[in-house]
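Look at the two complexes coming up: chain A is in both, with chain B in one and chain C in the other.
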Partner chain A sequence: MSNFLAGIQFPDITAIIPEVIALIIGCLILLIDPFIPKQKKRLNGYIALFGFVVLFFVTLSYLGKSIVTFFDMFSVDNFSTSMKLFFFVANFVVVLISLRYLEMEDSNLGEYYALLMFATVGMMVMVSSKDLIMFYIGLETMAIPLYVLAGFIRMNERSAESALKYLLMGVFVSGIFLYGIALTYGATGSTKLVDIVRFTYINGVNPILFVAIILIACGLGLEIAMVPFHFWAPDVYEGAPTSVTAFISVVPKVAAIAALLRVYFEGFTFFAPYWQTVLWLLSALTMIIGNVTAVVQDNVKRMLAYSSVAHAGYMLMGILSFNELGVSSLVYYFFAYSFMNIGAFALVIYLRRKNIVGDRLEDFRGLAQKDPIAALVMVVFLLSLAGVPPTVGFVGKFLIFSAALKAGFYWLLVIAVVTSVISLYYYFKIARSMYLEEPVADEPLLQPLSVKIAIFLLAILTVVFGVYPTPIMNLADLSAKVFFGY
Partner chain B sequence: MELQFGSNTLGFPILSFVTFFPLVGAVILLFVPRDKTNFIKWFSFFWALILFAVSLVLWFKFDRGTWQFQFVERVPWIDKLGVEYYMGIDGISILLVLLTTFVMPVCVLCSYEYITEREKEYYIALLALAVGMIGAFCALDMFLFYVFWEVMLVPMYFIIGIWGGPRKLYAAIKFFLYTFFGSVFMLICIIAMYFMYHAKTGEWSFNYVKWLAYLNDIPMKYQFWLFLGFFLAFAIKVPLWPFHTWLPDAHVEAPTAGSVILAAILLKLGTYAFLRFPIPFFPEASKFFAPFIAILSIIAIIYGALCALAQEDMKKLVAYSSVSHMGLVMLAMFMFNPTGIMGSIIQMVNHGLSTGALFLIVGILYERRHTRLIREYSGISKVMPGFAVIFMFAMLSSIGLPGLNGFIGEFTCLAGVFKANWLYALFAATGTILGAGYMLWLYQRTMFGVIAIEENWYLPDMKLREWVYMIPFVIFFIWIGVYPKPFFKIMEASVNHLVEYVNMRTSSVNVSMDSSKMNAALSFLTDGKEVKR
Partner chain C sequence: MIEYAWLIPVFPLVGMTINGIFGIKYIKDKAHWVAVPALGLSWLFSILVFIDVLNGKTALIELFDWIITPDINVKVAFWIDQLTAVMLMVVTTLSFWIHVYSIGYMGHDPGYPRYFTYLNMFVFFMLILVLGSSYLLLFVGWEGVGLCSYLLIGYWYERESAWKAGMKAFITNRVGDYGFILGMFTLWYYLGTLNFNEVFAKAHTLSPEIVTIATLLLFAGATGKSAQIPLYVWLPDAMEGPTPVSALIHAATMVTAGVYMVARSNVLYSMAPLSLEVVAIIGCLTAFFAATIGTSQFDLKRVLAYSTVSQLGYMFFGCGVGAYASGIFHLMTHAFFKGLLFLSSGSVMHAMSDVLDMRLMGSLKKYMPITSFTFIIGGLALAGIPPFAGFWSKDEILHHAFTSGHITLWFLGTLTAGITAYYTFRAVFMTFFGRGRIPKVIKEHLHESPPVMTIPLIVLSIGAIFAGFVGLKKGETTYFGEFLAPVIHVVHHANEGHAKAIPESMLIALSVAVGLTGIFIAYIVHMKKLIDPNEWVKRLWFLHRVFYRKYWVDELYFALFIDRTLDLAFFSWKFDQWIIDGVVNGAAWISRAFAWITRYCTEPFIVDGAVNGASYVVDLSARVLRRVQTGLVSNYMLFVVAGTVCLLTVFMFIRLF
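Take a look at the complex of A and B:
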């Protein structure tokens, strides 16, 4: 706070060291990629893996620190730090499942990992920013690599289509987001969250800001994939390379939710009852439409797309609860969601073989007899997604529901539990295919080692943190203190 | 206030051992090659047998003089949330734990020839199921209880879904969704009580004993909704009319062992949970809802019996008879007198034994003829005399013939109901008459008469393996029928304490349906602002 009044000061560069490292690694991959022979392109992936490990430990050292710098626009606090840690964990797994997959798709290019890095930088900026313009810059830095990644298998029509769809929707919605920022600026004279909250504290609520709040939710709503901005999700998820789908469905979504949380909590604190109502409606619709539409899907990637829409609805409950438990449950849910959702997509990659994408329900048929362990692992992920104990998804749902209950949103809670029963039905359509139907004779499974490692890692995390959730909960509590710790 | 968490005089965590011993077996089976079916079968059998033998320690070491929890284990589990690993049993749960461990080896044994494919997964699922069931009976931490309660759905889903009959896919998912639907509402109620406890004491805990001690003055308007949440979860499990529709499907499609476990244990979890949680937590609401539950139970008794009369499929007949019998258990329980509650507990055990035996009997016939239609059988007693004797015992036990266990249960239940309300008892007694009707008629149609179908001439009588698992049932039928005292003795202290507790809590409260109370309860819906932060 102090440097706000002190005029122009040299910003504290230490705050952005992780971002700089990530950028350097991204550029490094681009630089050395031309010198790597085609058969050894995996090296890029290993660099990215190593990079995420380094970033994880560098960022870990920031835990507990609190720096606000760059003229109050950039903040390092426990919330942003734990979100960054989350990005690195999730991205590590995403790279792990991409290694072999890209080879199978014959598009093993270094750009993939570089783009992943750049998108990560964008997200890191997003969760750290305390200024609407910074949010926008982060959002775009994240989004542009994502458009490219969605169309990464150039020769595949579906992939190209999904990239274009994603781009058009993204550009449209980012315009809305900018409009929201403009209105906020017009009403308060600043884009900084501290100024906005100070302005509304002194001058009371301004009707223009009501509009701005909705527009900002819309702008972030695309990446969150909440209703009514979810239409792109199934098409893009289905068309994009599966590893990218796993990425898009988890990491950018979480980043956008974290950003929304910060904007609402720190910028529009005094509008809480208003945006709680808005989010109530959006969350209810998201849960209902996501879960109900998923029931009729036959394509697993589409089904998981709608399921990820539905999970966005559950996560919005964490924001609209507007209490400490809400934030900590949300952070916990982020981790839970990444384990189980990336895990489920990793299984689709695991089934990828000659001429088979592995995303139809039939591809799962009889998996329990062909590969019992993989089928068992998938059941773990599905149970977790549906919120059945003893999995990490259950603890996540439990915490989110607790937060909503504490805030008194009883009817939303009823919608949430009823829709989670519906979700069990379609998740278990996959289990039914794997266990209760006979296998069809087709191409043998490839069982790539790196994917195997990834799914076992995720399955173990899913169960271990379901039985012993304390470590993640400690981290989540630390981040909740940022908003409610005073 | 001194909290009675109970103690463990044994000095050995026997409840954890009994709960997780099957899990160890399941994990070992995971590493056995799948073509060694014989080894898998016998391993599972002996594993389950050891489980039963160990659980007998509970019977011998149980202190019958106290109502407090015994064999208690308390370890912090998730500190942040105040979740404990808290296991313990009292007179209400011990018989059901023993029933579970008794049924397990039988279920393994009766599957030897019925299950002919994917045996390895089957026995793993069976053992995993035992973990959830025993755990749910022993758990005294609400979080822990919910975990066990949900965990057992998954293996049961697979047992019905993989090894079931023609409509197995439908039955399996229906079972799963129904029970899951109920339990999520219970979860919300648990969370709500968790916050109430925190608001009252400033401590985060799911501990059953602590909740009972400090959450003893929940206002009626909250009790009303909390009770309904728990009620939905447990009524679906029992299943009480009109929540019973999953049961005939699940029973008919499940393999024999699945049906036995469903009837003997899973349904009991519903009634047990009613006794354990909603009744002591919300005595006022329980008494308020008692007339409604009584009416639903009476409908279940009569409707179940009438449906059973009309069935052509033997398994469906037994399934509907379960609905009828469980109705009686519920009715007796909600009369809130010691006789009724003791009757309902002993009737839970009896129903587990007799209906389990009946499902085994249907399974024995099915293994020979691959049909369960009643008209396919007649005069079977001529070719299978030994079988006819066992069937007769099970049938008579089910209809409550004096001298066998069913009589003791039904008599005590009806006596308890009569004490509270003679009109209920009148209707409930109709159910037992109808019960005698459909059972005797079933027996007559299948066992007596002439053998009309050529194939039935060549049915072999019971094999040694089948005798081995049917005889213990007969022993229990006679034991409980002739000398039920040990069984009543073991539950007496706990039941009396429960009834005293409930009556103490409700003695000062007028529980009749008065409109102001109703309005208070419903205002909770419309007047949401008041409770929001």
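Take a look at the complex of A and C:
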């Protein structure tokens, strides 16, 4: 018995301290929620805000550390650490824009923040795992709270519909993902990335793995919202509460892309030319279809949904470049994308008022006259989304494009640039309606303070890191070193 | 304190930001409460930094990385040495007092916050210009002040002459900037860096031809910014801006940027004797020609403008004969007395309800004692009468010109000094003395300016009296020259013989005599009327006409460049109209015809012109793609499966072949 135990390395618990803290905060919110009177439910949100700040600093102390534990299934490295930092920053803003919004929707329940925490735990596991089964567990831990969040406004038909759609699609596609894992296991005898790469190194490529690679891409493709797995996105984005849409359109997408990156880079290293071509096709399709379809949308949330599909295409370029610049530009792009995309959705929340969701193009009409500063801030986000300097969006696109250029994907670059130009058109439909059309007389704007803080914060980040990208670039370079540092 | 020098430009930046964002809506006529204290702090910090530099400290403050690529590494860094410290003192002192003056002068202007925003922005860029540690950062400031100058010349943009003058200034400057950029590229190409200390350290590796080309190109930039031949034409027109702007930007600070640049690059210029010779000749000729034009103008501010061009010529003249310290010294004293003259003329303008024609003035001394007093002090300094500031610096330049063997240029410079004295006191006598020729309507409102305007006048006149004393002799050199010595690499004079032949005291006596003669002529012509100027104008009608029409340089430029550019534009337009539009229209016509034919076969497909084609395709495909978005989950799942299967098929196919 003692010999048996001696053979097992006891896992290094310190590696999962941030995950544990997040879990505890989630449970804590659930526990104290019943004792908070209805009109003071916002306290839950403050706990979550505080929690994300604490998590941020705890995780920050992990930067530079490298731990692989739990039998090579869980890894703390600079890539996973910076992804976690990203989650906390993005979630912090999401909570900020949710505080008042939930009250307006009359759904201010503590579960919201607890679910957000649990989803975050799932994503943290996803980016840290070095085992396909762990990936799957992380994915599901993330996805299930998301289904609930999408239907959080229970009395709203559209919200419920979007939750159901999301659930059905999610379950269906996770089956495909599992199938991919099963094939990998069948071919290599392990689900650990280390073993897979070792096996393929010794035994050469196995045709079954070609199928598995595609199936894994398809499985993660749902959360990434890449073509042809994007159909759920516009429906769910439109129906879900706007704060949840802001969340879904950014954070899980990033988590899934990060996971895909790790699986391909660390597990299927020797298949690089193959999955590069697969992603080439997917990325091209995603950019074209995302941007083109967005042109005819007149609902801003749907338009942003297609725009986020298009951005997924740009981000895939970062993976398929398969070089150091690709990874670091991708990490930078994650931050950039979160600032501008959450910002744009926050503006929709800003326009939420009595009987008006704020997501129709008409709701933006004449905003420049009603609230010039909000209109200006929206223009900043739109410029950034379209990739116009001096914003983070520009720097991000510039870096990703140069990574693809370095890797020699010229035609993909041509597609990316042309579709970027198309994107300018639909983004500026919003700007046009804000600046060139007369405002409609309707309910006055509520201008909630927490949303104001959030949009200003995001706008400042969008511009500041566009002009001075070094801090994020440093973090991104550290992350890239995980895969290419030696 | 020197390590906090980076704060100096931050204050005006903050002031500009606050006034720029909240000015028009919230701050309104209280804008000076933001702008003036900001400048006050800058001034204070500059003084503290200056004291540090006096105690022998210099510093390189690296702020952050700006552009980093494998080939380019540009840091935003400030370089503070003796030259920077002098420039800092000049810029912040003048800026602060002119800001104060503006409170009174611009008091009733509806664009008050806009004015202060621009003015703060100008100071910010000017400080970047003098603090920057590389040619690139200097260029940032260089372009920034150009922009502010454009904005402020065209400040009263409702006036056609104002915005036209703004355009003229901007475009003329761009011509010079073209040279400046090429000069930077040359240095960059051969040295791989633009940082001052690295460029100067590596300069000896360059061949003389390259240094000559680079310095000449840089000087081309300076001729634009500092209004030298052939690009001086914009400066007189720039007087369309508010008078404090003329004082700050177009007399004291921005226009001297070229001189600063040349003095800063003295290592390079000293390596290129040909360039130095060009600088000296251009400077001296500009000084002479501008002074002659100044004698014939009737607009008070224009007289001062030509005088500025002329004095800038002196500064380049000084640099060109290797006396960089004297050039900078003249820059400093000139900033005080010319700023003072402009502000005084602004005070006159304020009292005279914006009338500037000296033929409608006279006897103003009775009405505005302080202004006339300060104007006369400025005039004495400009005319180079001891012990006023201008005397010391101008004399030093002439002395250096003489000792370095530029006898012809020295003669021209001394003659110019006489002309300068003449037109300065012509203006003084016509404006403040003699018989009043003031129209009645204006006379009723005539008054001395409020203290907020006269106090800056008094402060600057103190500067105009005493600033020259730093140029007192100290052994071989002067106090000022000794202070700047670490920055300036002196050229050894080729011809020391002349210095021995004629003692310095003789030269000084001569130039003072020339100056007094100029004043005397002005006195007898315009004060005592012993000689009727009109008669002399008739007798020398040709000369007068040449001066009055400014040598027809503007007309020449119009004929040579501007009209030809317009011709080209007109030709392109016609080409576009006939050829390009013809092709497009033809294509559109064909497609319309095609559409007309197909209209009855395919009703919805009417192609409306060739240009709409692209957007139509996007639109159409978007509509088709939207049709796919049915909203039914089962359909979506079908697409997912179909997509997966397609991917698998396609890539299995690729694998097999």
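We adopt the following convention: the second predicted complex is superposed on the first by the 479 of 486 C-alpha atoms of A that agree within 3 Å, B and C clash if a C-alpha of one lies under 4 Å from a C-alpha of the other, contacts with A are read in each partner's own complex, and residues count from 1 in each chain.
As a convention for this text, contacts are C-beta pairs under 8 Å (C-beta built on N, C-alpha and C of every residue); 3 or more make two chains touch, one makes a residue touch a chain.
All of these numbers come straight from a predicted model, not from anything done at the bench.
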Which partner does A:Leu436 contact after superposing on A: first (chain B), second (chain C), both, neither?
first
With both complexes superposed on chain A, which partner does A:Lys192 reach: first (chain B), second (chain C), both or neither?
neither
For A:Thr277, using the defined touch cut-off, is the partner it touches chain B, chain C, both, or neither? Pick first, second, both or neither.
second
Contacts of A:Thr470 with chain B and chain C, given as first, second, both or neither
both
Taking the superposition as given, does A:Lys452 touch the first partner, chain B, the second, chain C, both, or neither?
neither
With both complexes superposed on chain A, which partner does A:Phe210 reach: first (chain B), second (chain C), both or neither?
second
Go through the superposed model and pick first if A:Arg100 touches only chain B, second if only chain C, both, or neither.
neither
Quick check for you: in the superposed arrangement, does A:Ala368 touch first (chain B), second (chain C), both or neither?
first
Using the superposition on A, tell me which residues of chain A are in contact with chain B and, in the other complex, with chain C.
425, 468, 470
Which residues of chain A touch chain B in their complex?
322-323, 368-369, 372, 379, 383, 388-390, 394, 398, 401-402, 405-411, 413-414, 417-418, 420-421, 424-425, 428, 431-432, 435-436, 468-470, 473-474, 477
Touching chain C in the complex: which residues of chain A?
164-165, 168-169, 172-173, 176, 207, 210-211, 214-215, 217-218, 222, 227-229, 231-232, 234-235, 274, 277-278, 281-282, 289, 292-296, 422, 425, 468, 470
Provide the residue numbers of chain B that touch chain A in the complex, in ascending order.
78-81, 118, 121, 146-147, 150-151, 153-154, 157-158, 161-162, 168-169, 172-173, 176-177, 180-181, 184-185, 187-188, 191-192, 194-195, 528, 531-533
Using the touch rule from the top, collect the residues of chain C that touch chain A in their complex.
64-65, 615, 618-619, 621-623, 625-626, 628-629, 631, 633, 635-637, 639-640, 642-644, 646-648, 650-652, 654-655
